[in-house]
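Labels run A, B, C and D following the written order; every chain starts at residue 1.
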Amino acid sequence: MEKPLQQIIAENPYVPMPVEIVKIITEVETKDIKTFRLAFVNKEDEERFKYIPGQFAELSFYGKGESPIGIASSPTQKGYIEFTVQKAGVVTSALHEAEEGTLMGVRGPLGNSWPIEFLEGKNIVIVGGGFAFTTLRSLINYMIFEENRKRFGKITVVYGARSPGLLLYKDELESWAKRGDIDLNVTVDKGDATWKGREGFVPTVCKEVAPSKENAVTVICGPPIMIRFTLPVFFDLGFSKENIITSLEMRMKCGIGKCGRCNVGSKYVCKDGPVFSLAELDKLTKEY
Amino acid sequence: MSHHDKPAGKKSEGWEPKIVAIVCNWCTYAGADLAGISRIQYPPNVRIIRLPCTGRINPFYIVKALQAGADGVLVSGCHPGECHYLTGNLSARRKFATLKSFLNYIGLEDGRATFTWVSASEGERFAQVIKGVTERVRALGPATKLVKKLRDVDVAAAK
Amino acid sequence: MEKKLLKKDKLSGIVKKMAADKTLYAPVQDEDNVLFKVLGPGVEPLVAFANTKNAPKKVFFPHSELLVKYTRSPKGMVFAAMPADAKDVVLFGVRPCDARSFALLDMLFDQEKWKDPYYIEKRKKSAVISLACVQPPYASCFCTSVDGSPTSTQGADILLTDLGESYLVEFLTPRGEGLAAYFGEATPADAGAEAKKKEIAEKSAAAIQSKIPGRAIKPILDVSFEHPFWDTIAGKCLACGTCTYMCPTCHCFDISDEIKGDDGVRIRNWDSCMFPLFTKETSGHNPRTSQKQRWRQRLMHKFKYYVDNFDAIACVGCGRCVMSCPVNIDIRKIVTDISKL
Amino acid sequence: MEKVEKKLREEAKKLLAEKKVDVIVGYEAGTLPLTATPVFITTPEEADKLVWNSFCQHNLAKYVHDLIMANRDSQKRLKPEDRKRKVVGVVTKGCTSRSLVIHLQERQYERLDTVILGVPCTGYMDRKKLAAKLGGEDILEGSLDGANLKIKTASGEKTIALKEVLAENCLTCRINNPVISDAMMGEPAPAMDTAAEYAGVDEFEKLTPEERWAYFKKEMAKCIRCAACRQACPSCYCKVCFAEQSMPQWVGISEDPSDTQVFQFMRMFHMVGRCVDCGSCISVCPMGVDLRKFLKKLDKDCVTLFSQRAGEKIDFPAPLQDQRMDDKEEFIYSPGGGH
């Protein structure tokens, strides 16, 4: 006896929902980061896939397996979900070869999320570096969405990449820059002939922007080296560890706290994370 | 060991042997070319994979081909002493001698893996080798040993 | 629940009858090993003292298990439906320590938020007939140090205790009572039998000589993640993973896809925290690069993390890892050493 | 053996005190009766832990490789002139010495990286054989009394001749004294029964292919893919094993019969001219897979085809590194006749 697939999906967290790649955007000049826009094959799956910025999902590709990727779109964007994927391993390499129209699978949403309720009513400082900007982009788009904007205070964004060609979401950065309700600071380590914006490392820019700690939370995501040098800046500015939020990465398989590889101390990054405040991280072991 | 080992399975209706031939670029591939140019007929059962040298062939390629469902594997390169890289085929010969012996030892039929030399001028020999190997594999029937089947629920339940 | 007495010579027949009706797993002699496996027709189930080489967890958490099936269409991946039902299964002759492992695994696989349908489905359809240890099978048994006992009923549906002439059959759960019909030849147990069982329980618990401070090391582990002690434990570890593969409570797994032609399957396979690649990320970064870290993870998982998350030690004291470790890394010694830190 | 042990401890103390070695890999008594387990000695005081007896089973060459590689990795970022050699002393019996030779032939490290403390070996006890003899009964206490094992189990005391429970590979061992050493701890041990070395292989070769396949299939079905055999093998030192490569993935990781057969076949085939018959893979296998039946064939082929034994001679290339015009080639196919 066989159960209908839709019923299995509803009951079984290991079974992906079928999706179609409807759009592929090459984000960077090195062409190894692309954004995949996925639409659900079945309408009810879209309903089921209710997510909050900061969550991730497991992408399935034919014959290759699964890869956990942060959701780059915002739940305010209807009809599709987006993932920005760097070409690295087996699944992501296959994905990069795929064309629009390809059918694949998505399993999720998984993990906790950026703490939206905690962020509400506060000034938000978003600090992102390089490729780790994806779930922050989700959060920004969520917060600046018309109906949501008034729930949050001042929004400051510091986003850096090594070079102008490596900045993600260039169109969106432009449109955000035109808005009056978001203080956008885009920086590159080293500009090129056409680059008119800021040059400098993210920690330095954070120091210059010097957001006030009053009623403020900072959400940081980026390469470990960036985080290491950015945190002291925020400590100096007086941010408490409870008010510094970040997202961890670990090797994952099941995504639901069973397979046992992504734990940091007693917490599973896939299930209890990936989002932790610095205060929470302090209580965990340093094995990540 | 003789190559008159018992066929592994019944010859199924309409079955044609699938043979993977892994050959070196300088001798056997050129030999195959010559066979083609000279319009010498040979059975269409081989899929040729060209590598720089038999010394480059990881024994795993042979086992992997068998696992993936090839009914036979043929490896062919330059005759000893004629290697484009001087000694690649001498290294290969030691690997293949032990590999073939080991495959036979675990009970694989002798004709599944075949090793030979064909030079660039031996178009006729190439055709003869393919004919011979195809006939040998045909006599053995479809490969069953080491062949991978996709895991199914029934298999899972039986364990 | 109901208790009965069964003449000892009747048991084998009952088990074989069950094996004829359902899939029945039992300890079976297989060449040099006693293995827990499906009891074939005409095969005698073992009730001797030694425990099975492999842990019975594989019935609910198989070494390799099909998770998802799919096919390839011209457009890509199409998921296929899966059979819905697990078969009725009886596990016979499970030692109380191993039966406890099911209760421990339930905590993980049957959580409120994320449920593992494959495990739960099989668990629901099964009955566990446990066989009390009237004598500890090995000198390395230490169940009493990790909240267990040689006559523990945790995780079992029926408990059999050898009273000498006959078995005391305790039906512990409705699932166990579902098998009552097979025990038609048993007679109601009297108070004498109960007293005898109690005496045996006390005697067998006292016979467990090997003791470790199971719960006591938790507060020490809480504060000693960085302790230099960890540098001393794993030097000779081969990273072979035998301990985790033999362990009745180890449950880490890997998921991999396989295809042939246009058909694909996703399979989960046992994995081990002892393996260097277990946590290695695509980027090359590995949070646990040394065997010391991996050993610490294994120990912490069992004696701290599981306690943090489920208030239970993820070790049943069966001693399999102690006996099967090729280089004699003895978890009893490590736990004892930690208690002295 | 006591003499050897005494000399070993003295020598170890001396080497450590004179700082000629950084660590000595040897054996100490295990926590279970009748066992010995690897130990790493770094101070002269600890040297008294060292034992040498019939329970010293492990091929310690594996640790020598591991320690030297770990040391090298830890200094990767230092300038070459700042890097420090780590000298590993190792208690070495015949098979261990052959493994060291293989490492040296394969240029894993230099001879200067090791100090070889040779011990004469008369074979080690096979725990599985003993367990089978005892019918699976747990050993409560045990000791070696001359040529006999005195064992206490729940059912009473037993005496078993050590010879009856020596490992198969030891019984027919050809090279039971180290082939290279810096110091020998005692007189070379008497030869074992080498006449029967390939008896098992010869017998197996006489079976029909179907019978051989049936046996291979049956043995491989026992394997649980834990890869303990690989981990224990001193010749298996690849940074990433073929079984774990993902691009391409050579072999599936499940317990699928074909994947298991192919994994085991290829792992064993990597041992052509590299298997020293130390029995490590067999003794660690939790399921008791009969790997030796197959590994020994590779050894036999090496001898018959190339007249070489793995790790036997240090100044000679390993069989598969060697290239010779005059190798036998009966296996080469020629159309119309022959193979």
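Here, contacts are C-beta pairs under 8 Å (C-beta built on N, C-alpha and C of every residue); 3 or more make two chains touch, one makes a residue touch a chain.
For clarity, every value in this text was computed on a predicted model and none was experimentally measured.
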item: Which of B-D and B-C has more C-beta contact pairs; value: B-D
item: Gap in Å, rounded to a whole number, between the CA centres of subunit C and subunit B; value: 46
item: Between subunit D and subunit C, distance of the C-alpha-averaged centres to the nearest whole Å; value: 32
item: Subunit A and subunit B, separation of their C-alpha mean positions in angstrom; value: 50
item: Multi-chain contact sites of subunit A, meaning residues that touch two or more partners; value: 89
item: Where subunit C touches two or more other chains at once, by residue number; value: 63-64, 82-83, 254, 256, 258-259, 264, 267
item: Sites on subunit D at which at least two other chains make contact; value: 252, 254-256
item: Chain-level touch network, classified as line, ring, star, complete or other; value: other
item: Each pair of chains that touches, named by its two labels; value: A-C, A-D, B-C, B-D, C-D
item: In the complex, subunit C residues that touch subunit B; value: 62-66, 69, 82-83, 87, 258-260, 263-265, 267
item: Residues of subunit A touching subunit D in the complex; value: 89-90, 93
item: Complex interface listing, subunit C residues touching subunit A; value: 67-68, 70, 72-73, 75-85, 108-109, 111, 113-118, 225, 251-259, 264, 266, 268, 271, 273, 278-283, 287-288, 293, 297, 300-301, 304-305, 308-309
item: Subunit D - residues contacting subunit B, complex; value: 204-205, 208-216, 242, 250-252, 254-256, 258-259, 261-262, 265-266, 268-269, 272, 294, 297-298, 301-302, 305-306, 319-320, 322-325, 327-329, 331-336, 339
item: Subunit D residues within the subunit C interface of the complex; value: 30-32, 35, 37-40, 58, 62-63, 128, 131-132, 136-140, 154, 224-228, 231-232, 240, 244, 252-256, 283-284, 286-288
